[in-house]
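Look for chain A in each of the two complexes below; its partner is chain B in the first and chain C in the second.
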Partner chain A sequence: MTPEVVRRSVLDGRPLPATGRVKAYPLPFATRLNLRGSPDVVEPVRKAFGVAPPTQPMGSASAGERAALWLGPDEWLLLAEENAGDLMGTLTSALGGVFHSLVDISHRQVGIAIEGPGAARLLAAGCPLDLDARAFPVGMSTRTLLVKAEIGLWRREENFFRIEVLRSFAPYVARILDLAARDQG
Partner chain B sequence: MLLIHCPYCEMERPEVEFKYGGQAHLVREPQKATDEEWTDFLYFRDNTRGLHAERWRHAVGCGRFFNCLRDTVSDKIAATYKAGEPRPSSP
Partner chain C sequence: MAGAMRTGSGGRLDRTRVINFSFDGKRFQGLAGDTLASALIAHGVHLMGRSFKYHRPRGPLSMGSDEPNALVTVDAGKGRLTPNLRATQVEIYEGLRARSQNAWPSLKHDAMALNGVFSAFLPAGFYYKTFIGPKGAWEHIYEPAIRRAAGLGVAPTEPDPDHYAYEHRHCEVAVVGAGPTGRAAARAAARAGERVILFDEQVEFGGSALADSHTTIEGKPATEWAALVVAELSAAPNVTLLPRTQVFGYYAQNFLAAEQRVTDHIAYPDPKLPRARFWQVRAKRVIVAAGAHERPLVFPDNDRPGIMLADSARTLAVRYGVKPGSRIVVATSHEGGYRAALDLADAGCEIVAIVDSRAEASWGLATAARARGLPIETNAVILGSRGGLRVTHALVARKWSDGNPGQPDALPCDLIAMTGGWTPSVNLFSQSRGKLKFDPATQTFLPGEPAQTMVCVGACAGVFDLGQALADATRAGAEGAQAPQADGADAFGPGTLGLVAPLPEEKLTKAFVDFQNDVTARDIKLATREGMASIEHIKRYTTTGMATDQGKTSNMNALAIAADALGREIAQVGLTTFRLPYTPVTFGIFGGPSKREMLDPVRETPIHPWYVARGAVWEEAGLWKRATRIPLAGETPEQTVTRECLTTRAKAGIMDASTLGKIEVVGAQAAEFLNRLYINSFAKLGVGRCRYGLMLNETGFIYDDGVVMRMADDRFHLTTTTSGAAHVFAVMEDYLQTEWPNLKARFTSITEQWATIAVNGPLARDILAPLVEGIDMSNAAFAHMSVREGKICGVPTRLARVSFTGEMGFEVNVPTDYGLAVQDAIWRQAEPRGACAYGLDTLLRLRAEKGFIVVGLETDGTVTPDDVGMGKMIAMSKPDFVGKRSLALADLKRPGRKQFVGLLAENAQHRPDEGEQIVGAEKTPPGTKALGHVTSSYMSATLGRSFCLAMLADGRARLGQTVYTVGLEGAHPAKVVEPMFYDKEGLRLDA
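The block that comes next holds the complex of A and B.
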């Protein structure tokens, strides 16, 4: 008999904020690739992935479920649907002669959506950045801190953020968000 | 908290995202160095009162090392610049 294997999220069963102003919820499983290289990687990746890695600091680009987030001048996070086929293989051959590093980190971190008119205020409870839309506009993406946890922060809409949290930090981050939301009422 | 301009993010970012990395512009040349120069490189650093060129890393941001000209008396940062760029003339 084949044993049944069930994939569960580390966030299953953990309370997350759900108030009138803001709600947070786990995002679906996704494919995540960490890409490093010079700007020479941009064009081959655009062709093979459908989204060009942005060269603008703290920039992002997306199309459908796929996105490329700037992490540093030679580093990007590529997000794609969970069942992306042989995306590693496709990108590796597209990048054939270009010096690069490409690592599958799909299971390393989890995505959490933070949505609602109170989204920026909720994050501001633990994030040291100025999250006013003038200082951190729609489309901006960066690594930063949420209290003691490193997170990836991407503002998709004025009142919608995606955060990427290292798997082992997810219970801590969920707890921090939930406590902050209760404080803020 | 200090706000530090990261030359790679091109933005002022909060101090908690950074790590201090010691004196900048040290040249490591073990093949050419005399014993005395090598000892200097390994063990001795300036103890500047005033403007000090030092390495910082935007650890919880872009992850890059860069250089910073900071006044060790006032803690005021005069300039930050990318790794590999020369120390700016003192303002």
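The block that comes next holds the complex of A and C.
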């Protein structure tokens, strides 16, 4: 007989900012797969996953809860709903003989939403990139820094960013966001 | 109320808002809009500080950020003591408490002022020459004494309770300085739709316009035009206005660093607000409109309170509604002195004389001054002053036809307003790496070719004609934009540099050049006589220009005096580099949020809370927190570790191993990839099997180790050391990209995908078996060094049978978010069986008993596999692997290399310290080369005695011999043994 095991988010009980201009909140659990390989993987993945891994640097593609974020010339982050069934198996079959590496990293990192007209300013407290919508348009996704933590940053809408951060850095990132919101009033 | 010297009207003040503050404990009242300096001068107080070296009484020289004299400490409560603030920039607020510095027992009676009397003995370079012996005296006696006597304010001792914010920002155009020129540039750029950031160090945007009495721009008075432009810019969404913000650093790629003062001027700030913001701005173009600094005249006793720069005196009257003095002597060498005299006369001050060193005064402003009935002395110079805590007389002489002055008259006055001309503020241009060029016509250094995409406009580029400056600035802001027209602006000549007249013979007279560092004209001449020919040497010898004001008011005078003494042109003497910060910056902004518990990210495993609840003692491994030991109530550290060791060996122990680095390598050639990285061979490692692997660097030395687990033909799960994880990953990526780009293998960090719980001990299987599904836990089906996939507590697991303790061991890997729940479940099985949780200290002892190395303890970057007895692991049949070629070097195979051994001290209770040297005899002469060193040393509860691991020259040939470990209390004999103290047959691992 095995006891019931519950999944615990590292962000449980961690304050995140909510002001009149911006709020941050943990995103739901998700399936995350790290995909590496040549651009030959794009077409098979598009068919099986529903989203084609982008070949444009810092690009992203999404449909519903599924998304593919460019991480490098041979690397993508695939995001899907938490209960995606045997997505690994489906994709491995679809890829057949195409060389690739597919690794489940669903628990490795967490997603944090930054939403509101003050979103870019909040991030600018710790991120040195130009987050103006002309320089960092909707759909852009990149790895960058938030003060001392490495994060993935994906602009989903003009005023909506998704942070992907390693689990153990998530409390630090939450605290930085909270402090920044306080500083910005 | 707000001061007897306050004018009846005018100024940029709110005369309805009276503000109470104190200076040196005495209460004063000022008006909203005042600085500390203007509010005190309104009460007739000029004395605000004592000088750095001679403790001479000083008052404000200027009204800006270039102020060298009036440095004060503001005490805003516990932990909020800020020294060395310029009184000319400190805004007063209700309850402000400020005090003077460098004076004891009081500003008016300073004991150290004797330094002034003895100052004939304190010339430049004095410290270098005098305080030489005896040895150590400089460090322990002279320097502390001198530092007490000299110096500025005192650093605060309490922790800073305030917080500081970072702001990163990008823009197309950054404009530094919001005077008329900067505003014209910003407006043009803003109208062109570009993102504009406009910085100004002052409270209010306006620059020179804030004290302008007569100019019109676009048909409006300068102050009114300033307000209109600021209103337009404030309304523009593409413009960020940053008053109270000092751009203090200009770095490569148009990166500007600026400090915005947020709460220092507020009596009761909202505690949520940061005290200051650190703006880090990256601009496509930078427009510097930093203006110019007025130069003092260099004459004996030019530093008394009541002697100030003419334009600053004028600014007091026009901007702050304060009469700087009742009876004023204006000393000038250009037209600016006349403008000051006219504005001061308008404010109700008596102008005793305008002393002009030039022969003629027959143009616009002079005519206006004469028409006002102001007495003008042309062809005259100021030769000195009289007074104590305030100037009382100006010593003024007519010049003879040979240019030398005659006997001076003493003109009674309470203020001398002096001006030697204007020095363009080229600091930021110089910081941007642009080269300065000397302009002989105006005797100024001007910006030459810029090194970045930037331009200097207005006075900082030597353009003192307002119309021209506005045209340049508008063009810099946006090509083709319409420039505003200016009317009525003054145009001044170049003025003078250096001494106004030769110094008298008398040695005690001091004509100050650098007010903040107390450097006199005589000091600079002395430096040249003692052989300093370059300004770089003169600067270091005299300290001129090295104070916190960076020589803003003094550099050009110092250069001119040095050039004159050396008989050279100024351009040949050179100019020193302008360093950042432009003005002193509060330390707090650099740290921003990175302080105390936020100094660095703290990485905690998902199981961390379980150990916190049990009172674990922690240590750091990289950014990770790891449990050192888990003490029960009343235990000493040694008792805890002893209990954890014995319990684990007798029953079982569990440990959080989640911090271990984990990497998943996938692909048809994954095994080949690992073959090339590790010394081992992985080609024949079966699916479900594990292998201990060693990784070398290219020089053949061990740099990481771990267990490689084959999950499938084309999938490996490997572990690295905790602190080596990131580096190993980077090295793998490096090789993949640069050496083997076509290899069909890729890898992914999975350190945080899996929480890892190590369960070790004879009862390990009993503890886990009830929780595991789908895995045959029997020894026959699941042998040591195997890995299985299945479920534990209903969640997926990669369950490895590996051991670092020498006991039967399992590592339970579960997806991280389940880690804590699985830990709880395992503990519910473990606790009733008498098991314990153990920490790193216990792990280190248990593994040492088995002779397992730790990379970084037994190895030090110079150790080969053979050195640690693992030569047999090397698969030399492999065509290549990282480090293989180096292993063939003669030096890595020579006899006499240190080898891994065990040591047992003859006295079983003596535990040598780690790092102790090993020698061959009890007594060795000094200089004897050590044979090796102790790498690990513990008391073993299992063995009931001490034991060591060591690296020993030819160690394996010395088994059975006696060597000596050398500690602080002498040499101790120890027997060399095999590095394996427990279960040599490995029966327990395979139980």
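We take it that the second predicted complex is superposed on the first by the 183 of 185 C-alpha atoms of A that agree within 3 Å, B and C clash if a C-alpha of one lies under 4 Å from a C-alpha of the other, contacts with A are read in each partner's own complex, and residues count from 1 in each chain.
Assume contacts are C-beta pairs under 8 Å (C-beta built on N, C-alpha and C of every residue); 3 or more make two chains touch, one makes a residue touch a chain.
Computed from a predicted model, the values in this text were never measured in an experiment.
In the superposition on chain A, contact of A:F99 is made with chain C only, not with chain B. When the two structures are aligned on the shared chain, A:S9 is found in touch with chain C, with no touch to chain B.
One of chain B and chain C touches more residues of chain A, and that partner is C. In the superposition on chain A, contact is made by A:H107 with chain C only, not with chain B. Applying the stated contact rule after C-alpha superposition, one finds that A:D132 touches chain C and leaves chain B untouched. By the touch criterion defined above, A:I176 lies against chain C but remains apart from chain B after alignment on the C-alpha atoms of chain A. By the touch criterion defined above, A:S141 reaches neither chain B nor chain C.
Taken together, the two complexes place residues 75, 128-129 of chain A in contact with chain B and also with chain C. Taken together, the chain B residues at the contact with chain A in this complex read 1, 8-11, 13-14, 16-17, 60-64. Looking at the complex, you find that chain A touches chain C at residues 1-10, 29, 34, 36-37, 74-75, 99-109, 124-130, 132, 135, 147-149, 166-169, 171-172, 175-176, 179-180, 182-185. Taken in their complex, chain A has these residues touching chain B: 57-58, 71-73, 75, 128-129, 142-145, 150. Those residues of chain C that touch chain A in the shared complex are 163, 165-170, 195, 270, 272-274, 277, 280, 282, 592-594, 598, 600-606, 623-624, 664-668, 744-754, 770-771, 773, 792-795, 815-818, 820-822, 824-825, 828.
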